[in-house]
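Structure in structure tokens, see below.
Just so it is clear, A, B, C and D label the chains in written order, and each chain counts residues from 1 on its own.
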């Protein structure tokens, strides 16, 4: 067993895939130096043709990657800031995503879009603190948010191997997570398959990204009082509806904790599908950022906009008592 | 070469005229952006390309798709939304593509193809063992799109074998070039150190020559090039204009703009008998295409989401 | 009473606001000629300084509008295609939307983004047929989708007067709607207030945009069998939750019909909030585009991806029988 | 003028040095992008502006915000996230703004300010009765951003009184200009027919002169202008580098780049006594600012969503 950090797991995934498959290459800003610590050392290992520092031309290099993918490559793009995905939304949602269907299956666009440090990094303020995974899920771009080192490895590997565009969010709140893992067992984690991090029988808590840790802490805290099952979708789209149904139909109670805006977010999607299709014995709840939130700079305000353990405890208690 | 250039110019012209009829008859829904008047550019540029080169095209893409070698019959079936179409009826006019022929597709978003072509051409470099190039076609309207300018910078920086072809037909829908382009069109290329030239886009032979020179320099590893082709759109921006009758081009200009006709320019160089036999073959081909397109089956509604993903995950 | 079309109502709103307030101006592509029939004739009336034909520089002119708004103007931008909003997503969601909070209330960005003919126009295929209102609602940009000529007038007027960015979608399926209206009574319709188009007692059908017409037809069809209330939110964000609750708490049954992608869409948001907060006596249902849909070109396929009356009838019958 | 230029250069320098200390002490969270080394540009350009002109700034924005007239005391309080800050603690380093002084804000997105400044300057034209101008500051990295290039086209087309100021400090984070800019920086301006010049960005007097000329031509209705200022960033791209110790600039370059110091260049022109008294006043001001910023109250968490909307609709 080795102690593996989430960040190192991401790096290992990228190195493994680049070693395995010549067509994989990585591009983005300041990735040779590796300011985000994922691509550090890759230049020396793979050379400048496979580790491409780009000018600040996000739209250009995103569609450049689409073109390279159409010509047989497997580009991985690192974005420094989650909101840079807003800047390339047309290039991902309207170009890369649509080629397959619009060409009647002639074309494949295997590009991975990768954001190390999504969500609030504390003190980076309004334009650097978004968690816009729901946008991609809505338009139908495959979207994953790993919560553990092993999943960071396994989902990144799967994203790169996938024949479609995939966005992978690595929440700032997860980068420091470490786990004891057997490095030999690290392997691809399929898209669209959730996982139970902790079994329980009273309430299903669906937690996204770094809030898996929040949920586990809350489950510990409530031990003896309420038996909390912590379920992690891992992929937000495609979503493991049958996995969720298995849990919810057992507990009959559902709370979602999700660090994105409430209105039209993934938490709402989960509640909606559960209400339509699953056996709920109490009204479900969600703990999210407020609707339309823009994260203010001051620490107290920034934190006030993010969901936290206390809110989760309240929500779990509420659904449990109904 | 003269005969084959003429053949392509004429094929595109007649193909488009047939399409306009099929729009009127309701066989093509959604309408088209006719390429009529601009045929010499697609024909001339694509004549300078090899089978294994690639192109990206535009909303006004039929000419490029045909000139790069797509089967006119399956192309027309695509425009009629049939399963026998190039894209199995999923793409239509604005997305017609044939990847087996290096046609990376028409595109509904102005300026979007430049970066895609640049990425593909860079991949060719990376994959080694050849000297393939990519061509991105776009209109005068596209040179005000940020993503296209970004792509030109990337292409120049990384010496990518891509040719940017601007078809300057004087208008972006209703807006004139002088109202949309500050500076000059070729000035955009110069800004990034990309060599450029402006040529007569009505003469396929002239276009062919200029494109050949640019393509050869790209093949030699000298990086991107830029070609501005001066032309005129003879028909509407889009077939909805046929009903809507919006007015934005001076009547005299519409007359003078049509005086130099790419079909006549290319055809005038042929022996009349040769020309006639080409024309006849084209009519026969298009008759066949129309018959095929109109009688082919439409896709089954239950297959509406086929091909949405490359890996068959049902979300 | 006069016969007013939806399209003419939009035009009238724009003319009225431009006449009333010098700071209102309109910009976009081909708006002098008026290819979308809303701005037709405005050039002659207001001159080239207030009717600005732009080059194809959507990002540039969207943030240009933000700058003009910060300097005291009220720009209205017409976009020819819904997916052009993808192209300017950064400029709207990350710039215009965030100025107010990030400056601590110093700045106002009263810009209206206007898409005449959103959704499928039939045969315009994958890149021209989106209905991306949920994206704006998620990031917190005010978003309205009028369904009737009077609402088209009233919501457009309100959008222009609003001190915040507002996106207004005019569905292609609504442009031809005509109503008898007393022109004197046309007036601003406040954002965030829904309306009952047809009262009913068994099932609340929430219909967005042109599907208000679908819902009304279905309500007619089911008359005698099931009493359908047709409720139209008009604003998707802010949303009239109390108006909806009033209806749903009365009927206890909810179906939403919405022409956008299912996953993380507005229909899901409505179901989620109802499940959390309202009294539902049967599982709710939604009738939407499929998740991740890209509209194929061929007519039969295009139509197969859009919600329709038949699906709505089935859904209403299902919730009614539970 | 010499004294006031020096005063501003020195104020910015010392302000930034105080900020770096406050980052170390944890009073400023999230870090900053220090403007140290580039002070002459903000000082020189803003000295050419009037109170009622406006600017847009960047992630490295403290210098511009101060030079355009923001109160250093409320500015520092903003950086410390206090309710007494310019933005009531909502903006921080990357969004500091003072609309009452024509400061339309720092901006976290590279290249975003150009179109905003252009729109504001166009509004001034429209509103009539004056000759206000707008200035957009940005770095060498921004000239590869599509939206900025689009804005330059719009500004040139519509003869908008906006000055584009590119601070070429040789790097976009770790990427050199030669690796990111094909062609030249001023070539981007030429592409759109915008007059441009390249000047020594270490000398506030030189910058002031060049900016004055450009601003005056814009005021006269001659449209946009573009100024490239050559400079060097003395400190880190961002204060995280102080811990991370990434290496991307040659050591000799870091030494030679600092040889010409804007503070010394501007200060060398003053009588030493005058200089000393300016310095003392600045220290006193900054002591006050630090005291104010560190002792001011933080905002109440219950107000986290205040100002989210201009019209107080609760969604």
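Miscellaneous remarks
Just so it is clear, a residue touches a chain if its C-beta (ideal position, glycine included) is under 8 Å from a C-beta of that chain, and two chains touch if they have at least 3 such contacts.
According to UniProt, the chain labels map to these proteins: A, C = Pyruvate dehydrogenase subunit beta; B, D = Acetoin:2,6-dichlorophenolindophenol oxidoreductase subunit alpha.
Quick caveat: nothing in here was measured; it's all calculated off a predicted structure.
When each chain is reduced to the average of its Cα atoms, B sits farthest from chain A.
If each chain is reduced to the centroid of its CA atoms, chain A and chain B end up 39 Å from each other. The mean-CA centres of chain A and chain C are about 30 angstrom from one another, to the nearest whole unit. Look at where the CA atoms of chain B average out and do the same for chain D: the two points lie 45 Å apart. Shared interface positions of chain B, defined as residues touching 2 or more other chains, are 87, 89-91, 95, 107, 109, 144-147, 150, 153, 157, 179-181, 305, 308, 315. Each of residues 55, 57, 59-60, 83, 87, 90, 94, 101-102, 125-127, 140, 237, 239, 263, 291-294, 296-297 in chain C touches at least two other chains. Judged by the touch criterion defined above, the protein chains are all mutually in contact, each touching every other.
The residues of chain B lying in touch with chain C in their complex are 28-31, 78, 81-82, 87, 89-95, 107-111, 141-142, 144-146, 172-175, 179-181, 244, 246-248, 298-305, 308, 315. Chain C contributes residues 25, 49, 54-55, 57, 59-73, 75, 90-91, 94-95, 99-110, 140, 142, 162-164, 191-192, 237-239 to its touches with chain D in the complex. Note for the complex: chain D touches chain B at residues 144-150, 152-153, 155-157, 179-184, 187-188, 190-194. If you check the complex, the residues on chain B that touch chain A are 54, 56, 85-91, 95, 97-100, 104-105, 107, 109, 112, 114-124, 126-127, 134, 146-147, 150-151, 153-154, 157, 305-311, 313-315.
Chain C makes touch with chain A in their complex at residues 83-84, 86-87, 89-90, 93-94, 97-98, 101-102, 125-127, 130, 132, 134-135, 137-141, 237, 239, 260-261, 263-277, 280, 283-286, 291-294, 296-297.
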